[in-house]
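The letters A, B, C, D and E name the chains in turn, as written, and every chain counts its residues from 1.
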Amino acid sequence: MSTAITTVDPTAPLVDTGGRRRGRRNVTLMVGLGLFGLIVLCALCAPLLTGQDPIKQDLNSAFQGPGAAGHLLGTDELGRDVLARLLYGARVDLRVGVLAVISPFVIGSLVGLVAGWFGGWVDAIIGRIVDIVIAFPFLVLVIALVFAMGPGTTSIYTAITLVGWVAYCRIVRGQVLVAKEQEYAMAAKASGLPTWRILLRHLLPNVILQAIIFSMSDIVLTLLAIVTLGYLGLGVPPPTPDWGSMIQEGQQFILTKWYMSTIPGLAIVITGLALALIADGIVEKANQ
Amino acid sequence: MRYLVYILKRLVALIPVLIGISLIVFFLIRLIPGDPAATLLGSHATPETVHELRTQLGLTQPVWRQYLTFLGHLLHGNLGYSYVYSSSVVDLITTSLPVTIWLLVSGTVFTLLIAVPLAVLAAARRNGVADNVIRAVPVIGLGLPSFWLGIILILIFGLKLHWFPVAGYGNSLPEHLRGIVLPGITVALALSPILIRSLRASMIEVLSSDYIVTAHSKGISTSRVVLGHALRNAAVSSVTVLGVNIAYLTGTTLVVERVFSLPGIGQQMINSILGRDFPTVQGITLTFAIMVVIVNLLTDLTHAALDPRVKLS
Amino acid sequence: MTPPLLEVRDLHVEIPMPYGRLHAVRGVSLTVDTAESVGLVGESGSGKSLTLRALLGLLPRPARIVSGAILIDGEDVTGMPPKRLKRRLTDTMSMVFQDSLTALNPVMRVGDQIAEAPLRRLGASRSEARAIAVDLMNEVGIADPERRYRLYPHELSGGMRQRICIAIALSTKPRLILADEPTTALDVTIQAQVLGVLDRLRQEENVGLLLVSHDLAVVGQTCSRLYVMYAGKVVETGDLVDLVTAPRHPYTFSLLRSVPDPDRRVARLLSIQGQPPDLAETITGCSFAPRCPFAEDACREWDAELLPAGPARQSACRRIDTAERWTAMVSQEATR
Amino acid sequence: ACGSSSDTTSAKKKGGNLVIVRAQDSVNMDKTTVFSNASLWVYQQMYETLVAMTDDGQGVKPWLAESYQMSADNLSCTFKLRSGVKFHNGQPVTSADVKFSIDESSKTKGGWEFINSAIKEVKTPDPLTVVITTKYPWAPLLADLSCPNNGIIPKDYAGKSSKDFYQAPVGTGPFMWGTWQKGSALTLKKNPSYWQPGKPAVDTVTWKVVPDTNARALQLQGGQAQINEAPPFSSISQVKNTPNLKVDLFPSTRTDYILMNQTKKPYDDVHVRRAISYAIDRQALVKNILFGSGSVANSFMMPSAPYYDKNSPGLQYDMAKAKQEMAQSSVPQGFTTTYLAQSGDAMDASIAQILQASLKQLGITMKIQNVDPSAQHDLTTKLQYEISHSYWTMDLADPDELVQYALDPKSGGHSFNTGMNDPDLIALVHKAQREFDKTKRQELYNQIQEKAAATAFLGFLFYTPFPYTQSDKVKGFKVLPTGYYHLEDVSL
Amino acid sequence: MTNEILAVEGLARHFAPHVSVIDRLFGTKPTENRAVDGVDLVLHKGETLGLVGESGSGKSTLARAIVGLHPPTAGVIRYDGEVLPAKRTRAQQRAIQMVFQDPYSSLNPRMTVGQMLAELLRFHKLVPRDKVRERSRELMHLVGLPERALGQRPRQFSGGQRQRVGIARALALEPTVLLADEPVSALDVSVQATIINLFADLKDTLDLSVIFVSHNMAVVRQICDRTAVMYRGRIVETGSTGTLFDDPVHPYTRLLTGSVPRLVGSEGPVRAEVEAEDDRGDVRQEVAASAARDGTTPCRFADRCPSVVAECAVEPPLLPDPRDPARLAACVHVPRLAEVVGADAEPGPT
């Protein structure tokens, strides 16, 4: 019966008959978390994994290719150890990436929650603001903001927050519009619970999933935005090792020393992959 | 007619958004440290000459006056004069805008060419090897910055293989066509992972829906079912995703234009920011915003054209 | 004697799941004759839909037929190469689904959806296909078919949509329609109309009907013969009136007693205690035994199979002999 | 890329389109106010001066003027114009045009007028004679007249407004105005009736804006451009090994410095400045930043400039001395400071990081603050910075412009934005300006260089050549120490 | 009447789709959806009132308006003799509770049953804090669930069990009036029976007054004392369940009861296959024309009614049946019924 190429999922939820089904392994999520955990671990254990100082210059042994003695991944133009910079850079980037996503996430979700639930003029006003912010291409506005505030991590956080919250707002608002018609929301309302409680306790946990999933790819996009800011000279100030500035510094030598920008680039790719897997895993888990 | 009225409505609805945008642009630019007059005059300028130029440029007026003047000009379709080039901003934009639009269009086309077949394949072979590869590999496009990807593409296809010009935009249509391939692919590589994911997800959802079973039960061929029934439905939800992301990635053109030295407004914008060329930055940001709005409008129209359930209102 | 239009022998369907294999259909055998209307009832999850979809080769993704034979006009089609099999099955049968809104492609004009099979399969030209579609719409009782041809599913009411579904099913000129709860989503008044259409098609066009429902009354109104399914198996079969008036399986009996009667108020409905068995596990003995008030130890051991239970009737109960006593026992319990 | 290169080979001797890729676009063609090199190098192909700088950058040679004669009192100079020279519009060049051109530049505020500040009057006794008088004896006069602002344009802007004129300017140069797509490309056309017979060789010159370093290199390799104006030093060894490409390192007047703001503590302390100056490992900078293509600086003046003193005792790398100076300073324990870096400038970033590492050894914690070029310029000229980096290139064959800018705060530059104000040095600077005797003048400049070095008002870093990568089809391309080039000599 | 606990008078709830400022500029007028359009209804103490009608007739909207989820467009709701204000007091809110239709979406998937109940008990201070768990356990017993259910999340229950949880949630607030919006229609037949039985038991033990919304006529017949038939936002007939089913007065009620499938005994499929294959087209046109002329609202069933007459141009109010004043029907034929007592003039069900 191989002609039956239809793909129909069981729509009727199953009655949970014990631990067996709950204990079902979610390979995607586990691989994603594992990979991400590994990256975090590498970042945390950077001093253990390499004896090198990421900002220690050795101008006499610059530009050593990967595999050079004492420098597994080689050295950069100032003779700093690339591996050490990569590992310590993970600390910076994960922090920046996560921090730069958390505040837009929180702000956007809350605003979206309020807009979706109350509707009416509240929604109309928020909607207009969202329209305006969304009308700017992300990078254009971030660049302009960072220019205005001057380069540096604080500016990057602020700029990304100011621009990034709208995405979360839109996602959450959309979800709330659906969820508030759901009977559990009505049930909460009918039992006389105060609005803030309905919003935070009943709606939020149910609408936040999409935002969390989005935040996974958002972290990557944010890292990338930071890298691009670095390319335009607005990134994390030196000598802090960060993947973005590593790529940016390496990109001057891309034609001669291709690995200098490719190695940190791959680090971002792997992080992106891990986060994408986590996002997929969350979706899978939610559908279970 | 339905579409015309709709477009008209959307344009009217645009007015407050445009005012908001102009406000942001105007005040944001003025927050950027650095004095355009001083920048223009360079190292030998004396405070008096700087002041003179400031007065001449209208920078000594209160900011709100400047804004009103700006708005007034805007209503006449006048975006002011570039401080740096001393030519009209509208002229600057009209010469470089087609390049950017051309880049966006080709980027979108390449995105579709890359993403649609891969997404369909991945959805059809769900959880198979092909699916996993298709889901994992494009992340490279997402994770690697455009300036890196662009250079690598130039190295391979421009210098090694000589398939496409190393850079530039050319002067004739065939040259434009050849010249836009690599930049277009660079944009597409960043955009397609997102589209692949979205399209794959909606394909899977669509393929598991009842009407696909109905179609199968008619006994028509599988390819007809997938392409004729499933893809169009999956496209309905992915069009929005594509639209949002084109808008989002309009910013990428900034970098791509730089790498491929395309004379588009993205490159123009960076230069103008660096040169404190307020009117040009304003004009270009405004243009970007309008482009995004238009992309959104086109998205909605496409969505409505694809999905009869959508009412245009 | 001519072979029946459709015969299914000992059909088994399994669904591989991460936690094991779900043995959802466990040896279903049934026959449908030309122009006959047969009902298949049973509670949710008993495997009715899977059985039906298996017949058309349209099982959902991981599910597959593990054994069993499908005979059309007495010919075993199970071994055919996939392409021919699909053709043969869809030539003979077509299907109508429960939810007409999701069963129709939302972005395609309903007329085109009906015309698709004639156009792509029967080699009709575009205008011929269109004419066929309009005829079919007429046939299922859609007024003003020319105009409605151009509408999209969401622009039609539920009853209309279900008629379109039936027209689509008819578009392949089938001899048998498999209807999976075709009226569950409809209002009673509309339900009556749709059932009327199906019945008229049977009488006038000789299209056989295999109707799946969990609502005994719906089946009862339309069909002449019934199969009752429980946990992936047919537990009782027979002529409708016989089966309803004198059930020969305790599950059928309880089912009949648990539905309220629109014409009469009963003191108390009978509710069957417990849950149906987990289909992922092996079931020994009668699968209804754990819930059956009349079960004895032997019921949990025997190799449950359909036994003859009167003229043209079969039941998978070892204790048919006690059937008369059930009524008494149950009414005692209900009054308690 | 093959296609275009075969085109150019067929026109080997004459003609062809020369494409120069560069990082920045020109700004404006107004010779009186525009300083940007990117504009200068373009408009110099259109406007010519009375005298031109010699190839070694040490003096001037006749150009539009056939000959010139200094008066005995050193207060005036008489120029004889070359006859038969015509502007691009066909109008012949007369002394009236020269007077108009020079007066226009002296008059226009906010531009190059300071160059002409010594000029008292331009007189035109006859159509081919020009007499220029100065307010006081002024040694750099001839060099000043070779400066691009004194390029000769038609009188009264050939009847146009100055604004319109500079939109499509007219001069006598080897190339005429073509098209300009702002932000992207500027093209000049060959002047068919140029006064130097047989020149120029190429039909058009296009300056293409390619901000990305790699993209510029790739375009050169791909044959889409013939000259790369600013290849990074890091790529030079690679280009040397690429067939069909060549590298030139033209001696330049570019010198890089560390700026220290004396109006901020503790940079007012000479010991601190000296300590920092001693702490800079210039050899390492040359090796790692210039990839060997440059030399260590010992003076704020450069070898390619006249009156440079190669024995000037600029402070050199010596950590021990640095620590010693530090110990004598007002902040022996070190201090915290912020380096104002130019974002997007790889060289600046490297200098900053190397300096950061060196200063750490002196107990100085240096933070790096990135700002964009415009803001950096803004902040340094307003003396709102602590320590930063800058460089200088000469515009003319006389050191006075630099010396005055670097040491006399009244020249408008806050002594190279350091806030330095040393009356002795300022007196010496003015004395040197009026000295016509070469040996005496050399003597004065030697003194200035020595004294200035002792104050460590700038941390002299290194002298860099102008790196240019070219396709090997390009012949005759030469860059003067000021960065100027004569494209009429170039052929493909 | 003294024993009425809840009364609805002229209740209307219209939905106006949101029309943006821009659309208004372009002259788009909001089209109102009159989901509930003037309902009069009385619920007596201890009674179970059935509410039937086709899909979209406004049953849920009416129920939600009564619970206070939709502010009414017009009309009042009287609870225990008092008009309910727009903002109900906690006690009033608590007194009228609702059981929802869909057992899958009516429970918050991220809360355990215990948390859900505890939240309500604490917020309404129904029991002292230390008694919350005990009361929760009691509620579980009441709806026939094991105590361990308190620790489970909705997805770990079957449909029937979820519906029990939904009932427990409503009962936790100790209401006097319970609205059940199609509580069994999403359930399997065998499970349906247990929930119906549960309702019957609870009603007796807790002395609840219940409004039971359903489109399943058989279910309503089984548990309701009285029944109201709703058609396009209005009640068209009320009466005690038995009489209403056996002898429907309003033509719509007749259609409804006649369409109910019957297991055995009915003579095959119901007649009305294609709706209104009709001979009364002329009358309908006349009704529409005269209504338009006089500016009246015609009877809302007129366009489908097999017994439409010219008087139907004016929508009749609920009229008492001359044979039995406890029965009301909104049909012009009602007053005439006195003449035809016993002789069924129109073709009706057996």
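Here is the rule we go by: a residue touches a chain if its C-beta (ideal position, glycine included) is under 8 Å from a C-beta of that chain, and two chains touch if they have at least 3 such contacts.
Just so we're on the same page, UniProt names per chain: A, B = Peptide/nickel transport system permease protein; C, E = Peptide/nickel transport system ATP-binding protein.
Remember, predicted model here, so these are calculated numbers, not experimental data.
Novice: Could you name all chains that are in contact with chain B and with chain E at the same time?
Specialist: A, C
Novice: In the touch network of chains, how many steps separate chain C from chain D on the shortest route?
Specialist: 2
Novice: Select, from C-E and A-D, the pair of chains that is joined by more C-beta pairs in contact.
Specialist: More contacting C-beta pairs are found at C-E.
Novice: If you take the mean of the Cα atoms for each chain, which one ends up farthest from chain C?
Specialist: For chain C, the chain whose C-alpha mean is farthest off is D.
Novice: Find the geometric centre of each of chain A and chain C from their Cα atoms only, then give the gap between the two centres in Å, rounded to an integer.
Specialist: Inter-chain centre distance comes to 49 Å.
Novice: Distance between chain B and chain C based on Cα centroids, please, to the nearest Å.
Specialist: About 53 Å, centre to centre.
Novice: Could you tell me the distance, in whole angstrom, between the mean C-alpha positions of chain D and chain E?
Specialist: The separation of the two C-alpha centroids amounts to 89 Å.
Novice: Report the inter-chain centroid distance for chain B and chain D in whole angstrom, where each centroid is the mean of the CA atoms.
Specialist: 39
Novice: Got the chain E residues that touch at least 2 other chains?
Specialist: Residue numbers touching two or more other chains: 158.
Novice: At least two other chains touched by the same residue of chain A: list those residues.
Specialist: As it turns out, chain A has residues touching two or more other chains at 3-4, 6-9, 15, 147, 150, 232, 251, 254-255.
Novice: Which chain D residues reach two or more other chains?
Specialist: Chain D, residues with two or more chain partners: 214, 218, 371-372, 375.
Novice: List the residues on chain B that touch chain C in their complex, please.
Specialist: Going through chain B, the ones touching chain C are 126, 208-211, 213-221, 224, 229, 232-233, 236, 306-309.
Novice: Please output the residues of chain B touching chain A within their complex, sorted ascending.
Specialist: 16-17, 20-21, 24-25, 28-29, 31-33, 124, 126, 135-136, 139-140, 142-148, 151, 155, 194, 197, 201, 204, 207-210, 212-213, 216, 222, 247-252, 254-255, 269-270, 273, 281, 285, 288-290, 292-293
Novice: Taking the touch rule as given, give the residues of chain E at its contact with chain B in the complex, in rising order.
Specialist: Touching chain B from chain E are residues 20, 22-23, 25-26, 28.
Novice: List the residues on chain B that touch chain D in their complex, please.
Specialist: Listed in rising order, the residues are 32-35, 38-39, 41-46, 48-50, 52-53, 82, 84-87, 92, 95-96, 147, 151, 154-155, 158-159, 162, 165-168, 258-261, 263, 267-268, 270-271, 273-276.
Novice: For chain D, which residues count as touching chain B in their complex?
Specialist: Counting only chain D, the residues touching chain B are 1-2, 21, 24-25, 27-28, 33, 35-36, 109-112, 114, 163, 167, 181-185, 208-212, 214-215, 218-219, 221-222, 224, 371-375, 377-379, 381, 412-413.
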